[in-house]
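Naming follows writing order (A, B, C and D), and every chain is counted from residue 1.
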């Protein structure tokens, strides 16, 4: 087994020379301004050690990575009743497709495409004002990352809201089918804000620990979710975590992971590590080019694929 | 860790009392005649021991489970060039959908939907007459199962051919886009025949060993494929192996697996076991109802999910 | 040639005995309250005479019939530039489908499905506040109907707004692709209000005169649009005027016509008559059941099909 | 009213200078060889006179124009029972789309897209061997054109068969849903052959007389179909006769017409004229570029639009 510290350093080093980095997301103006020449990686190991390289302390917008956390909260709140409103199947469509919603009467295919995550957010509003629901989400992220400094980037949230016509279309469409129960602007307000949580690679790797380690925070006597729930969320990350590139990511990397258009990917090697990578250049499916490559190299070097060594 | 022998026996015992068994596939007349009240299971362990229960010695039509084997052969023959003709993404559609083919110009989404498997079969015809290609497939299955008695059920093959209008439509559609290179009736002839291979649970669990054990046959000094290829085929089984029920199967069971409309499922617990289950009643996605349940109970009892214990 | 007066009377009489009247639109609460046992007809002839029967003086919500009038206004305002934003093809989809918008990048197929009519309404907002644009529409309808008492039913407009999630989805979707240029709530405000114009059959038959008589108001020396434009709007009514029942209506009736979910249909027999029918029960495509039947009987009796006698 | 003779001559003259002529159909090799610089027109008037210009005596492959004739025959054979197998709505899709078939369980949208015409051809096989059915079609075309020299171009028929994978896909797809009742190769054999009937503009204008003149052959005491049926076939030509360009053709030209990928268009001005135009260059919807233009100019000059003068 190779040494994780040197593997992480080599990955950061080799990727720093890559010129083909994809394109920064342009449809959210605030994200379009992020310099493309950045890459960070952080790996939290079962023994409690953290290994980082590159821009691992630079904050970025976690975007859709937040969907893993809101799904966790929603399952805690409503349990398996969630699945009457959201499916568990890969979509075969882009992240913002509305076609599937029409064919399936407003029920989104899974909680990791935009429509599904908006429906998940709606459940978090039950009995809460939007501000309270958002507070609950932020508190949860701070708790699992063990870091109270994590906050929301209001510029990004505002930028998303002003240009979020497709998400507004998705939300209204679901509202027409009563998949959403709360006012569309409340739901989207919370959704745009939790997508705008800013974190560093180090913070994100901390936040992913409960998914990697059977629902628990290693070294602490704390259970965040049951081990079964951690496995199930991981399964959804593997089959649906990279939009219409999920199959390819599973094929190449072999780890459950959730990507965001800010360029972050949170991946877990069950029982072994929680990993966060970040680089803002995206491929045509909206997934970080260097982030995917880094995870492919890491999984290969460490023999961490869930599909065997 | 519970005792595998008693777990297998208990599963067979408890499932024998289930009345909700779905429906036997009706669109292939020969399959429609198979009595629904059957269930078999066979588990091949890393130490070389085999545990069986129920109708584990009754032969059945493996149908789409054969797609895992033809994919293995095709990758051996043309390597990654295969992916220029077939994608690696879940489809979000039924197994016999043609809609996706039109939207993606004749390129099937993955090798485990019908269109994709037909394209894979086409590659196996390069330089071969249909009979030779079919012989090669059968030889391979006999080799990995270590059993020369495995054969093709000609009644089923003929039945498929006579009613295979949807598959003929898919094949002609791909031929129009030059995704198929050989005559449609040659390709479908081979396809219908390899779907009609008859095996027992015991034989199928033997055949799956190389996928479960890093490409090797345990106890023998034989490598069928590289460990990387075994992992990658397993990844495709997890994301695409149950048609439009793949996400749900990954969520509930957490093991790479390939199902067939004959009621069989081949599953692998990487490094631990190769598992075959069979029961002819299917759910609305075309997957065995009792087979899925058996694997869910087995994975849970043995803590075999790839997503952690 | 039969006598129009007795034909109209006989149609009203024979339809009064029909029990199969479809269903009143339920998705707009105010429309759901309209009693189903009503039917009205009004026929304005080239010689200036009007023949009416049944509930021809009862006001109803014209709903999508207004799309013919807003299209006329928009063509007057921007001419053929309109067609860069809206297509001219039948949709092959329900009136509120969003699927087509995704496949064609936000450009609606024709001005008579909801998305297309919303885009048309957007053009009427250029240089106008919503209230002014709405005033212009209402003035135009009063002018072509020669009746200043025509007004908007504010209850219906409010009812539409409160339940118009699908239309809000459509509008936001088009806004994302810049097919709409004005704020979504402005556009929808005007759209919901012009759909809520209340008219009687008599008023509606008056309003349709310019379409039936080469763009002119017969008996007055007034040209509303050029004869070419009147023909072209009529062509769109024939191919797209009944949503996904347009082909069937052309087949059975053979007249250009525009229907609305309030149960009204405005039809024109070029050079011969402007016809309004109304009955609130709808078929599964959203078209008035008795209204369609009445027009079929009328066109047959009077040999008015545009496809020959 | 302008003089038809000079109008026809001027159209041929002005179009001879056009350089933007679209592209000759390439997917049928025999059609791809036809020189693009040809244009013919023939107009048969109510008084029995025929006016021609350009290459009006050059034979071409009528292709989908034959669908109007086979529809006529099928309605004569099975009457309105035909509509249980084929719809009457515009498709909103390309002529060879298979997507709609999947969404509507194998029932094609109308008799003028390929799938629909194949289903129509299937009904003509009832009680007939393929050769007999084809003979019946050819006899009918010769009868309505009053010309026994009309024949089938066997080179084109063979060329279609060898490259007709999409049509074979459509036919097999419908066979799976039992929309076709006869063997796929029989149905396609007849279909490919009637598409390969070769005619001149003069012959085609003769053949269209019954559609233009209330089902009768003017000057002869012969009724081909009832006037109602002639109107209804004309209605389908208007709403569906130009594939996904039908709405635009109705908008610009305003006449019922059926186009074919050989470059022919048969149009009717009810009660006034039967018109055939031909030029092999096609637009992106598969309709003749010069043919459409010629009809637009003709209808405008003669004030023949069915939507008024």
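Heads up, the rule we're going with is that contacts are C-beta pairs under 8 Å (C-beta built on N, C-alpha and C of every residue); 3 or more make two chains touch, one makes a residue touch a chain.
From a predicted model like this one, the values you see are computed outputs, not experimental measurements.
A.B. asks: Which other chains touch chain B while also touching chain C?
C.D. replies: A, D
A.B. asks: From chain A, what is the lowest number of touch steps before chain D is reached?
C.D. replies: Contact-graph shortest path, chain A to chain D, evaluates to 2.
A.B. asks: Using each chain's Cα centroid, which is most distant from the centroid of chain B?
C.D. replies: Using the mean of the C-alpha atoms as each chain's centre, the farthest one from chain B is C.
A.B. asks: Can you check how far apart chain C and chain D are, centre to centre, with Cα atoms defining each centre and the answer in Å?
C.D. replies: So the centroids are 32 Å from each other.
A.B. asks: For chain A versus chain C, what separation do you get between their C-alpha means, in angstrom?
C.D. replies: 47
A.B. asks: Find every residue in chain D that makes contact with two or more other chains and list them.
C.D. replies: Where chain D is concerned, no single residue meets two or more other chains.
A.B. asks: By the document's touch rule, what are all the touching chain pairs in this structure?
C.D. replies: Result of the pairwise touch check is A-B, A-C, B-D, C-D.
A.B. asks: In their complex, what parts of chain D are in touch with chain B?
C.D. replies: Listed in rising order, the residues of chain D that touch chain B are 97-99, 101-103, 165-166, 168-173, 175-176, 184.
A.B. asks: For the complex, give me every residue of chain D touching chain C.
C.D. replies: 87-93, 100, 109-110, 212-214, 227, 230-232, 234-236, 238-240, 244-248, 250-251, 254, 256, 270-271, 305-309
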